[in-house]
Amino acid sequence: MDAIFLQFLNGLDKGGAYALIALGLTLAFGTLGIVNFAHGALFMLGAFCAVAFNKLINLDQVVLDPVLKTAWGTPIEIRTPYVETWFGDFGAFLINYSVPMSILLVIPFMLLVGVVMERGLIKHFYNRPHADQILVTFGLAIVLQEIVKHYFGANPIPQPAPDIVSGSANIGLWLGLGENVVYPWWRLVYFGFSAFVIFSVFAFLQFTTFGMVVRAGMRDRETVALMGINIERRFTIVFGLAAVVAGLAGAMYTPILPPDYHIGMDFLVLSFVVVVVGGMGSLGGAVAAGFLLGILQSFASMNEVKSLFPGIDQIIIYLVAVVILLVRPRGLLGRKGVMED
Amino acid sequence: MAMLEVADVNKSFGGLHALSAVNLTVKEGAVHAIIGPNGAGKSTLLNCFVGRLVPDSGTVMFNGTSLIGMNPYEINQTGVARVFQTPEIFEDLSLIDNVMIPAFAKADGAFRLNAWRHVGSRTKIRAKAEHALEDVGLADQRNLVCSSLSRGDKRRLELAMCLIQDPKLLLLDEPTAGMSRADTNATIDLLKKIGERGITKVIIEHDMHVVFSLASTISVLAQGTFIAEGTPEEIKGSRVVQEAYLGGEQE
Amino acid sequence: MFGNSVRGDWILLLVFSVVVLTLPITLAPIGAAYPDLLQKFAIFGLFAIGFNILFGLTGYLSFGHAAFLGVGSYASVWVFKLFTMDVLPAVMFSILIAGIFALVIGYVSLRRSGIYFSILTLAFAQMSYNLAYSVLTPLTNGETALQIRQLAPADRGPDYVLNLLDEDLRLVDQMFGVVEHGIPITNLFSLKMSGYPGFYFCAVLLIIGFFIAMRISRSNFGMMLRAIKSNQTRLNYTGINTRPYLLAAFVISGMYAGLAGASMAVTDPLAGAERMQWTASGEVVLMTILGGVGTLLGPVLGAAIIKYFENIFSSINTGILENLFSFLPSGLQEVFVVVVGMFVGSGWHLTLGLLFMIIVIFLPGGMMEGFARLFGLFRRNKNDPAAPAAASGEAATETSREQKTSGEG
Amino acid sequence: MTKKTSNIATRRTILKAGAGLGAFALTSGVAPLHFIREAHAADYCNKPTGKTVTLGFNVPQTGAYADEGADELRAYKLAVKHLNGEGDGGMLSTFKPSVLKGNGVLGKKVAFVTGDTQTKSPAARASAKRMIEKDNAVMITGGSSSGVAIAVQGLCQEAGVIFMAGLTHSNDTTGKDRRANGFRHFFNTHMSGAALGPVLEKAYGKVRNAYHLTADYTWGWSQQKSMKESTEAIGWKTTKTVKTPVGAGDFSQYITPVLNSGADVLILNHYGKDMVNSLTQAVQFGLRDKQVNGKNFEIIVPLFSRLMAQGAGDAIKGIFGSTNWNWSLKDEGSKAFVKSFGAEYGAPPSMAAHTCYVQTLLYANAAEMAGTFSPVGIVKSLEGFKFDGLGNGPTEYRAADHQCFKDVLVVRGNEKPTTKFDLLEVVEVTPRSQVEYDDKMLGGSLGPVNSKPC
């Protein structure tokens, strides 16, 4: 029972991450009809915003130790972050909270990246075949990766969560379950955060005129354009929004998964599967599919299930994708005619 | 003799009854026009003939075989060809290829792995295709890629694609929609010329000029059901029809 | 130049054959004339040609074609292990197995179109990869990859436990009394298939594969496939059941992939699961688009370019660059070495990514479009009034030459 | 030319044309090239004929292990420098017995070519083939995973060149996949297990329940087997062994079952990115703060790499593992190497760099001893070669399986690192005798040395 509850939590947490990544992708993919193979790279850029923010705030004063030497004879460097020198305890506090605070950097930076990318590149590919879109966005993804690799190396870089949420929450005690029902605070934060972002995006599209136009544009682009609305500019903003969502997903995930330059590619295939299983052009579908796949993946990894079907945890996502696409031709909530040819 | 017999066809989408208890008989050799106001269910009915939609109930018999539940390609093989409201052609291929494909379909059936036979080498079908293009006046442009054609030419090409199959029944969904008066007249002449071959035709049309120039029988559909049927003269004189439809539309 | 006649096709084939067979000489100046890379050119060319039959003609984008490549490799290596080191049975068997595999996956996946089709194929390939890497290790030898081993001892007692992953039988070879020292090398009627003979073997397969693809492209069947890409609805209302056509194209291209996989096993008898990963499937997609979707030569070209970058650009290190720029004054030399160094060696991915972007931004039809434009320029410079038409005709040699060439004439 | 044209013009069918072209290829293409190759046939593959001898450094330059590969490459370049008599000579001065003079090898200057393995077997083989076929490399070395090492080792055996393995930890490399042309300096999963056993007993007692999470591929299984054997030998029980997909990223669904399993030790048979992720996440789940059966819950990472461990940040503090070499060692060889490497690159070498450097020196020395670069000669001098001064104390290349036998380091994540490199502290140097095993235990056989011309 406890085990099942914990796996359910895992599923929600995973699902939150999947849904968040897929949400950004489906905004660009379902709205603009762009097969964006650089979406994973946007996730990665978001994660490295957190890294860069951390590095920035940790910018340190280097003092050479007069006595101690390294094994190769150079003096040992003593590093103190400037913020600590300047602000003392408050500086330490800033460093401690660098991951959540990096959101302040992620939002403007990713918005800029998204807008520049759309205006500079994607815009010219709306009427090009999907093949061209794949090649150009894949090329862009590689270039972005290599730039990050050039500056940050190829190894994963640890990004600790703030101390206050670095341990585990004893959920078992709250809910009257066993004492072994514990869950890392940061994962709970991440789940709440992803729910908040998903909710915000939906509210934005549902309750603002901007959102209404975009939703109408998703259904029938030409008609909206005929109505004299500058749908182009709105789509630019949507792309920027997609980049921000991907970036946020990436930045907040860093304490769970120390990022490296390749992390985007690892999520790329998965995010496409989630979006398509959810159904093209459906935001709700992407979120639903994210949670569904996350939860199923968690349960498939249980030892009891694995002993029945060896290796099931490795293929469950793809298996479910196949089954869903065969039962429901356009995924969970897909609309007819979107990306079917 | 009845070629197409439609009996008690019903079709609804959600709560909307697009077709209710529709009955229609198309005689062999007839040019049967179906007219009616927008949203009367004309295209829905046509879609039920070609397998795009399956009626909720009722029968559609073509020369004694039921078309219900058949795939579009199977229906075509029984001898039903269709011209769409917006031209459905192979935009990236040349005109001649566009016409040859239906010719192959007619000759080869639904599937043949003729991966070895060069397209250009089948002179008989090629000649036939060129002939079909001549019939619709597009022979000069046979090697152009279709996407460069005007809308009217696309429509004529689609007609040629249907005609090359020598269909028993030709379904035309607003064949002159969006055409200039001159083009419309040219199309009327073309369809009249085809009429000489004795192909049975069902035409859905808004333009009464076209309808009265071509049709031998006219059925009037309104709100998902037929309200009148007769020769052009009878329909022109029908009070019911004028009230339901013509009165509002004619200038 | 190459008219729309059958004769034109023969000329194209002849030119192609001559170019392919003389690669060991012509590629020497750019450092690509060594057997392994030449083999890779031929093998991936074959893979991409086959992929193009599906993607280029029907427009169905399979994102799981590497699965067939992997299956082909595994099938070949098993034939080597169990029966004979002669390559022909292995090649035949691989094509057959890949074909069956493609039939099953295609039958299911082709129930959907567009992106849904792509994801279905991707899902099947990823499942194959994940299982081959782990659970199916008894069949695939997992991470270590399936390899040819020494023969199991001939005098196996009744208690002997045969471990086929680590020892081989080669029943047919043994029947003919072939003597082996250590681990044997694949052969074609006892001609060793490593080095240049291996390349020529692959090259001949490539030429045959090119020829078949050309015939398919020009055939009635090919026209039907193109019609599917253009307007599947119309085809349905024209009396054509598109599914068998699609399935046939899928299986044919799967068999090409199987053949490519077999060629890999022939030239390098080691079959690993990485071959089936989505990145490998993505690679052939990129090759095809880079060269020119729907063109005959494009995919081969795209394959060669990507493999060239992977093998040659990645091997350039600072030492080589220092030599290369040694004619410059020392300060300038260092600058050049640093700047160029970012794009070679471990930076070869960056160059590849930039290349993808540049090609697709400036040449929407891939490399072949670039050549067509070059020809166009060339012709126009010669003041030939028929120049533009002839130029587009050049590109159309590959796609649908008949339609465009005479179109403007 | 006329011949070809007539071929095509007269022959109509594909088969004939194909056969014609094939025949053309075989007669006019293969024969001359073969003739040329035979013309100056050497007595072994890629025999150096000029003033240089070329070595092939095949390391991952892209993908997850790119940084490790870069460090390996630094070590190789340093080794080449030292062999050619440039720089401070590094371990050349501490290596005993050595006949290296610092004037190249056998009077030839050492040159090298590099390639990218991408940590994928096919790419690694393609890269190695290029070095052999195009660049005439007489020895290939490098690699950052066992799959790659085994694949390249097999290739070198077929081609008839020597392979000096880089970082490869699986038993199979010198076990059932051992090859006469291949040599490994790095230790293996069996040695890790054997070295860790007694240390774990001392630290955590005899009564423990271990839970294994294992990367689902050959190295993972091999590591799990070794750890299971050695921990069960000290009386521990194995609660459960669970396989996890390679590159899983999020391991939460595998970690939560540990909480309820009753186990009090978690053994992570992961390497590289998997290790970084699973360890980070296991610590986040509060496993290390837990008390089970009245004991502190512990985590063990059998194979530690300092370079990769950086990615796990604070999570590695206090965690036991084993390593082939660590830069904090104080023997003369290690000191010389760290000094030379640190001065050159400003950072201490990783264990991968160390093993690669040592392998290069060992190869060069063997060639010098044999007086030839021919694989037969190299193999003869390396088999049973006993040496010291290369950082691992007295070491022997065992003749039966071409595996180095030496002391194994048991390390622990440093609780109070003074620099960012100071992540591991050596807690025990397990003597060679304790990790040695019978060469028949792992199966496989070397087969004959391939020293034929290529």
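We just call them A, B, C and D in the order they show up, numbering each chain from 1.
The rule we apply is simple: contacts are C-beta pairs under 8 Å (C-beta built on N, C-alpha and C of every residue); 3 or more make two chains touch, one makes a residue touch a chain.
In this text, all values refer to a predicted model and were calculated from it rather than measured experimentally.
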item	value
Each chain counted as touching subunit C and subunit D at once	A
Identifier of the chain whose CA centre is least distant from the whole-structure CA centre	C
Centroid comparison with subunit C (C-alpha atoms), farthest chain	B
Approximate Å spacing (C-alpha centroids) for the pair subunit A, subunit D	34
Chain centre separation in whole Å, for subunit B relative to subunit A (CA means)	51
Centroid distance [mean C-alpha coordinates] between subunit D and subunit B, Å	72
Mean-CA-position distance for subunit C and subunit A (Å)	34
Of all residues in subunit D, the ones touching two or more other chains	62, 66, 70, 216, 243, 245
Residues of subunit C whose C-beta touches two or more other chains	130, 134, 215, 349
Interface hub residues of subunit B, defined as touching at least two other chains	none
Touch-based graph of the chains, sorted into line, ring, star, complete or other	other
Complete list of chain pairs which touch one another	A-C, A-D, B-C, C-D
Subunit B - residues contacting subunit C, complex	50, 71-74, 76-77, 81-82, 84, 88-94, 96-97, 100-102, 104-106, 108-122, 143-145, 161, 165
In the complex, subunit C residues that touch subunit D	10, 13-14, 17-18, 21-22, 24, 31, 33-37, 40, 130, 133-134, 137, 142-145, 147, 150, 166, 181-183, 185, 194-197, 200, 203-204, 207-208, 211-212, 215, 264, 268, 270, 272, 274-275, 310-312, 314-315, 317, 319, 345-346, 348-349
Subunit C partner contacts - residues on subunit D that touch it in the complex	4-5, 8, 14, 17-18, 21-22, 24-26, 29-30, 33-34, 61-62, 66, 69-70, 112-116, 120-123, 125-127, 129-130, 133-135, 146-147, 150-151, 154-155, 157-158, 172, 176-177, 216-219, 243, 245-246, 443-445, 447-448, 450, 454
Interface residues, subunit D side, partner subunit A - complex	62-68, 70, 216, 240, 242-243, 245, 247, 249-250, 252-254, 256-257, 259-260, 273, 276-277, 280-281, 284-286, 289, 307-308, 310-315, 327-328, 335, 338-343, 346, 348, 418-419
Of all residues in subunit C, those that touch subunit A in their complex	55, 59, 61, 108, 111-116, 119-120, 122-124, 126-127, 130-131, 134-135, 232, 278-279, 282, 285-286, 288-290, 293, 342, 347, 349-350, 352-357, 359-361, 364
